[in-house]
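Report on the following structure.
A, B, C and D are the chain letters, set down in written order, and residue numbers restart from 1 in every chain.
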Amino acid sequence: MELHLPWLIVFLPWGGAVVLALMPHGDGQRGRLPAAVNVGVAAASLVLALVVMGEEFGQQGWTRTDALNLPFVLVGAVIGLTTACFSFATVAAERFDDLRARAYHAAFQVFMGAQYLALLSDNLGVMWVAIEIATLASVLMVAVHGTAAAVEAAWKFFILCGVGIALALFGTILLYLAAQPVVGTGDPGLSWGALVAVASRCDPGVLSLAFVFLLVGYGTKAGLAPLHSWLPDAEAEGPLPINAVLSGLLLNAALFAVLRAKAIVGAHPGALPPGPLLVAFGLLSLLLAAFALWRRRDARRLLAWSSIEHMGLATFAFGIGGPAASLAGLLHMLGHSLVKSAAFFAVGAAAHLKGSQKIADIGGLATSHPGLGWALALAMAALAGLPPFTLFLSEFSMVVATAASQPWLLLPLGLGLLVAGGALVTAMQRLCLGEPTPDRPAEGAFALPGGLLWASIPTWLHLVLAALLALAAPAGLAALLRDGARMVG
Amino acid sequence: MLTALSLTLALLVVLAVVPVLAAQMPAGGRRLPVGMIVHGGALLAALVFAACGLGALLGGPVAPRPLMPGSFAPLLLALDGLSAWFLMLLGLVGACSALFALSHANQAPVRVLAAYPLFLAAMALTLLAADGFTLLLGFEAMSLASWVLVAADHDQGENRSAARLYLVFAILSGICLVPAIGLLAAPGGDVSFAAIRAMPPEGPRAAVILLLVMVGAGAKAGLVPLHAWLPIAYPAAPSHVTALMSGAMTKVAVYLLARLLLDLCGPAQPIWWGVPLLVMGAASAVIGSLRANVEEDGKTLLACSSVENVGLIVIGLGLACAFRGADLGALAGLAAGAALLHILNHGLFKTLLFLGMGEVQVGAASRRLDRLGGLIQGMPWTAAAMLVGVGAAASLPPLSGFASEWLLLQALLSAWRVGDLGFQVLALGVAALAALSAALATAAMVRLFGLVFLGRPRTPRAAGAEDGPWPARVALLLPAGLTVLFGLLPGPMLALAEGALQRLVRQDVTERATLAGVVVGDGAGAYLPIGIAALLAVLGAGIWYAVRRRTPAGVARSPAWDGGFMAPPQHLVCGDPVTQPSAAGFGQPLRQILGTPLLAAHARVAMPPPGDPAPARIEAGFADPSDALVLAPVARLRDAISAQVERLRDLTLAQCLMLPFGTLVALLALIAWLEAR
Amino acid sequence: MTAVMGVLTQAIHLALLLVAAPLVVGVVRWLKARMMGRVGASPLQPLRDFLKLLRKRPVLAENASWISRGAPYVGAAAALAAAALVPSFAHGMALAGLGDLIVIAGLLALGRVCMALAGLDVGTAFGGLGASREMSFAALAEPALLLAVMSFAILAGTTGLDAIAMTFQEGTLGLRVSLGLALVALLAVAVAENARIPVDNPATHLELTMVHEAMILEASGRHLALWDAAAAMRLTLWFALLAAIFFPFGTAAPGWAPLGWVVGLLAWIAKMGVLCLALAVFESAIAKMRVFRVPEFLGAALLLGLLGALLLFVSTSLA
Amino acid sequence: MSFGTPAYDVAHLLGGGVLLLSFVLLYQRRLDAVISAFAVQGALLAAAAAWQGYIQGAAGLYVTAAIAFVAKAVAIPLALRLLLGRLGLHRTVETALGVGASLVAAVALVGLSVLVILPITAGQAQALTREDMALALSVVLLGMLMMITRRNAISQVIGLMSLENGLILAAVGVTGMPLVVELSTAALVLMVAVVAGVVVFQIRDRLETLDTSLLDRLRGG
């Protein structure tokens, strides 16, 4: 195996993970050093991601860089860095002992490396392994507090995603089976580039079956209804910073895998068309989450359900298909990552300040902490589809594309968006407006100089990025994403 | 011109950032006159908008140009007659609102200072848009920015629920309008207006678009039955914002209606396209004006009057649709002209009224009619300006409100020419309702002015009220002056709207709009406001001269006669408030006559026992039908479905596993079935 | 030449109105008194009252504002302006072009609003009560009026009063059911607008039933004189309006026609006399109704107007 | 390689054995018997992998076979037994669905997988591969069924691992599949992590029994 540049992005965090696992994590002031190393590694990854953006695209052994994955790598690196910064400011309040602190930091970087690998891999087997590693690392992060609720959530996560990942492997094997008569045995049979090229000559039946397994398998990880059961529990537990990467990156990586599969299967006209399946999963997720959102009392669960909703929307867009809808789907994934992690930063900071993550306990945030509160309000408004953020652009484009091809689907889509939007703004008002609830800050949270700025600056940064991506994306990035959309088909 | 406008938009965005940054600065930033900067900048921007609007109306349209070439959405901007007409209104209203804010809102919280210029910018963006995305971007950004302003005083529960309802309705608007744009879009997904115009929708597709736009834009414009948010959201916002919302924002929603239904859907739509507009317009006109007669909060009353006026405007647009469908081009021009003129006139006089009410709130510390009274003594400027506004809102000649309503009634009186008996009957009913609502509005405005400015002060605060500083007075006098001016010059204003009318109905009105007034049909009717005004002036002066020659000069002052009622006790400096007409009492006849069937109104007189000197009190209430018939069932349905969905939460792990397992088996069965076929 | 004649006609018309207004009120009162078996005051009594009131210095409440002082003038000017637009003895007056029925209705509304504001100005219970009732009744009267106008506009193709009157005078339209219904509707509106029995009793100051009088309770001196004059002018206006539309006989054609003018004048005086008699008979024969029966009364007028227009649609679509 | 040749017969036999043991797993009520059956399944899987390595001439498959044997047939069953002994659990498994019904469902699932796999692989030359895939899919589905019908955490884990045996059966059955060793190792790591999770969380003594219905208290808001 030759070591290519993309592998560096993977191995840098993994190396960091080893260092972090070995570093002593003391209490108090000394505990900041590993957190700072964590930030450093994340920052270095961002630099590397930018370097890779500048390199020539193409396949390099088991990895490939193309228009489809590089935007995700870049956004992933940005979110990784902001999450590390947020974690730097709040990790003291998580009250880890030495072992747990090591596990937490190491798992974070392992996760980051694995999600880069999942995005960058050309070989579907490698991709599977990467997603599995990301799963294991995130399970560890969810369970790291070791409370009954955390263990229970982690267990559910484990079992459901374990099954999912197993099914995805079966699907991968089936893909190879389909490709083997055409490309012969060996590595090319699992190479995405090779598979896309020959898909039209493969056996359509096997391709269809493979897609079903990949969809159910990776769809479980992407939190699509009815495979979503683990997501709200997992998001509600674990240290506060990890929500941003769970919702922002893990779900994307899984949906990205579905996209790769769709590109292969969609290339064969005789295979089961992936569109209707994706549309069905997307709409089901959207509608289920939209109604479930009305009953939420826990802020993190609320945002988790909203992730289900948005993954459903992106899936729906890919299901509609065509360059416009696929572009909408890609933008939706990117925008959702940015905005949802922003919302999680704000909710996380609020949970630290108020000592609870119940919506009823976090009230009047805009009064007590205006910078944070209004950022949260904007982020949730963005999640409800209001402009000027990326989600507005993507929802607009997907609706326009739907109207062009399947106008009757606008009815459930609009219903879901309306119900979900209503629930989100209702919750947003409860969280942000009105009389502030009393502060019961966790000891050690935001004790650094700058205090809450550690949470509000990443939140605002994400919001600004999401707005810029929608309205003022550089022509190069826009062209890149358009190419990516064409690859999805 | 587009460059200037783009720069103005940028200026507004920068202005929004200023208060945020200033608030972050330690002590130094606090001393910055942030409010002055923001509102001064907003004033400047509004003047640019008005000038550009007027310029484009006089100088012809400006072709589309992308604001952000290369990004995902190019943000096409253009300025045609229709946009320019609304932009001019936005500029005028914005200028008044900013002037008022310069006097009264400089100490507003950061959220208000930051959202205000964004609100202005978003409205301008909506009007300037030349593609569907930019249109909705501006429209929804406008909703979001104004939500912040509605939620400005969010420590009060009712303001919060108002803000929530407001935002939910804004989302509803978006969710109806985006698919409408989608259905309008050209086959390639091109949403630019030029592409849509080249290929207007037809048949059922067009009908769905009509429905979606009616709900989407109607919800924002406050059309019955989607108006529930409006009477509670307007009072929640600061007064200068309410003026902007009522004067400009509802008009932006009407702009969407006009742009999407009349311009982009093309002229080849059937007659019945006007029907939903007529029905919703008439319902809004009546419900709005009736509610204005029973509301007891000054701003709520004005908000309800906005519902009424938007209803009248929409009736005009609906008639234009129908006339166009029946190939009655001249009449379509008349109806659309009436709508456009009323848009401008209502925008200005309603701005005046809301700003005046804001001045009252500042001066007398209340908006409740039952806590005001006699303000004409302490606030003569405000009272005089408000009298003009009230007169226009009551559609009295020769003020602006009458001019546009006259045109509208003329259009309604000609509606029978469409020929279809069903439509004739509908138009007949709509005409009756329009006249009813105009008369109800007159009653409501008399009630407003009479209870607020006339009579005796009902509270000590009302007794001590004073006029605002000069910028605020100018903010009232400017729209008052324009209301008089536009009232006298409907002809030239209609000629100015030429470009807009071309867009809406592809019709000319020049020959019917003269300097002296407006003539409809071939001499079917003429309104020459300058003549009327001159006649009134001459006769009034004559009467004055004749009377004064024969009567002793001056007047004698004495306590009010009041039918011989006893004088109030000494300790009641302002007289006994309970012997004055109350808000509920004044509205009682209409509440009983029309409110009982239409608003489920109820009233009960609480009589004190015999011998008790306590006054009798009337306890009255009503419920808007939209709450009981629209909002409540929807909320119940939503809760029922959520409760069902929530049962998924009770699943055990094994049952959770069952879901993917079941999905997988079902999909496998599907594949097996497909293979077997 | 026509312009000069127009101005001349208009001037004569104005003078005629100023003479007729107090007389009409006086004659109606005198006729009513006779019918009730009383001697009754001279028909000139309103004029005498007017002149007497003018000579008295008005007494204003302490808290009365300039509204109380200005409103009488505006109200009287509005009534006079509206009356000036209604043709009496001849067509083709100089201001006929301004005389649109909707504009006349607007001028009447202006007068009404002035009176309501004046009633509210001092803040007395009666003023508010009267203003509230007046505005409420007007809200119902206005649509009925508009529907009647719609019938005329459809038949005559215009809302200009002079043109309508001329069309109807030609007699080509024949008798129409719709016109009959419109007449009834318009009569009901006229009764309400002029505060006559059964809607209001111009002779009463009984608190619970007053509408019009309640608003001017605080007025005195020249202000009261102006209000009374405006009321008289309004009554004259309505008589002239009904005469012009429904009894268009004998009115002189536009232009110089001294003989025609004399005939028109005589015809107009006869019409006014008949209307005065009719009003007096009606008012003597009927009792004032309860305040909350008034909406039913005006609602019926509205429905009749609606029916009239509807029948017109049917007949035009059959024709 | 077709029906009747020893290569095919032995592969078929071993694959069928793995499937049969899935039925045994479903049938067994007692935990120790379930663990034994799982161990046997692991051994059979190892044998199948080795046999495939032999007939395909792929050396990597021997490594897979060795991993499968050591982990699935020896180490994990031993660890589970140890855990069972330490916790002193009552040895009977509570089932959510009766054994009879489970078996009927299992037969239906096997039927489904045959109906799915055989028609769509009709284009495939090798009968062995088609046969193998059908068996593997059946094992996968039965593993899931076992996870659903059992309430006990240990039997759920065993269900998951048996499911995963099906995956390895599929992977080794496809000629020339690259990365088999890596994939199976990765899958193994996952399983070990699961088992370790169970062990750790039991040792923490948070829960009295392994009945996962106790793990369903997390309702959230």
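The rule is simple: contacts are C-beta pairs under 8 Å (C-beta built on N, C-alpha and C of every residue); 3 or more make two chains touch, one makes a residue touch a chain.
The structure displayed is predicted, hence computed values, not measured ones.
Visitor: Taking each chain's centre as the mean of its Cα atoms, which chain lies farthest from chain B?
Guide: Most remote chain from chain B, centroid-wise, comes out as D.
Visitor: Between A-D and B-D, flag the pair that has more C-beta pairs in contact.
Guide: A-D
Visitor: Between chain A and chain C, tell me the centre distance in angstrom, where each centre is the average of that chain's C-alpha atoms.
Guide: Spacing between the chain centres: roughly 77 Å.
Visitor: Can you work out the whole-Å distance between the CA centroids of chain A and chain D?
Guide: One centre to the other, that is 31 Å.
Visitor: Rounded to the nearest whole Å, what is the centre-to-centre distance of chain B and chain D, using the mean of the C-alpha atoms as each centre?
Guide: Each chain's C-alpha centroid was found; their separation is 68 Å.
Visitor: Counting in whole Å, what is the centre-to-centre distance of chain A and chain B, each centre being its mean C-alpha position?
Guide: Chain A and chain B have C-alpha centres separated by 42 Å.
Visitor: Spell out, as numbers or ranges, the residues of chain D touching 2 or more other chains.
Guide: 116, 119-120, 144, 147, 156, 212, 215-216, 220
Visitor: When you check chain C against every other chain, which residues touch at least two of them?
Guide: none
Visitor: Residue numbers in chain B touching 2 or more other chains?
Guide: Expected reply: 649, 651, 653, 657, 664, 668, 671, 675.
Visitor: Taking all chains into account, which pairs touch?
Guide: Here the touching chain pairs work out to A-B, A-D, B-C, B-D.
Visitor: Which of the residues in chain B end up touching chain D in this complex?
Guide: Chain B residues touching chain D: 649-654, 657-658, 661, 664-665, 668-669, 671-672, 675-676.
Visitor: List the residues on chain B that touch chain A in their complex, please.
Guide: Interface residues on the chain B side: 23-24, 68-73, 75, 110-111, 132-133, 136-137, 140-141, 143-144, 147, 151, 154-155, 157, 160, 163-164, 167-168, 170-172, 174-176, 178-179, 181-183, 185, 187, 189, 191, 205, 208, 638-639, 641-646, 648-649, 651, 653, 656-657, 659-660, 662-664, 667-668, 671, 674-675.
Visitor: Can you check the complex and tell me which residues of chain D touch chain A?
Guide: It is residues 116-117, 119-125, 129, 133, 136-137, 140, 144, 147, 153, 156, 160, 163-164, 166-167, 170-171, 174-179, 182-183, 186-187, 189-190, 193-194, 197, 201, 204, 206-207, 212, 215-218, 220-221 of chain D that touch chain A.
Visitor: Can you check the complex and tell me which residues of chain A touch chain B?
Guide: Touching chain B from chain A are residues 155-156, 159-160, 163-164, 167, 205, 208-209, 212-213, 215-216, 220, 226-227, 229-230, 272, 277, 288, 291-292, 294-295, 324, 327, 331, 364, 366-367, 370-371, 374, 381, 384-388, 392-393, 395-397, 399-404, 407, 410, 414, 417-419, 421-422, 425-426, 429, 433-435, 470-475, 478, 481.
Visitor: Which residues of chain C touch chain B once you look at their complex with the stated criterion?
Guide: Residues of chain C touching chain B: 51, 54-67, 69, 73-74, 76-78, 80-81, 84, 95, 97-98, 100, 102-103, 106-107, 109-110, 112-113, 116-117, 119-129, 131-133, 135-143, 145-147, 149-150, 153-154, 157-160, 163, 207, 217-218, 221-222, 225-226, 291-292, 295, 302, 305-306, 309-310, 313-314, 316-317.
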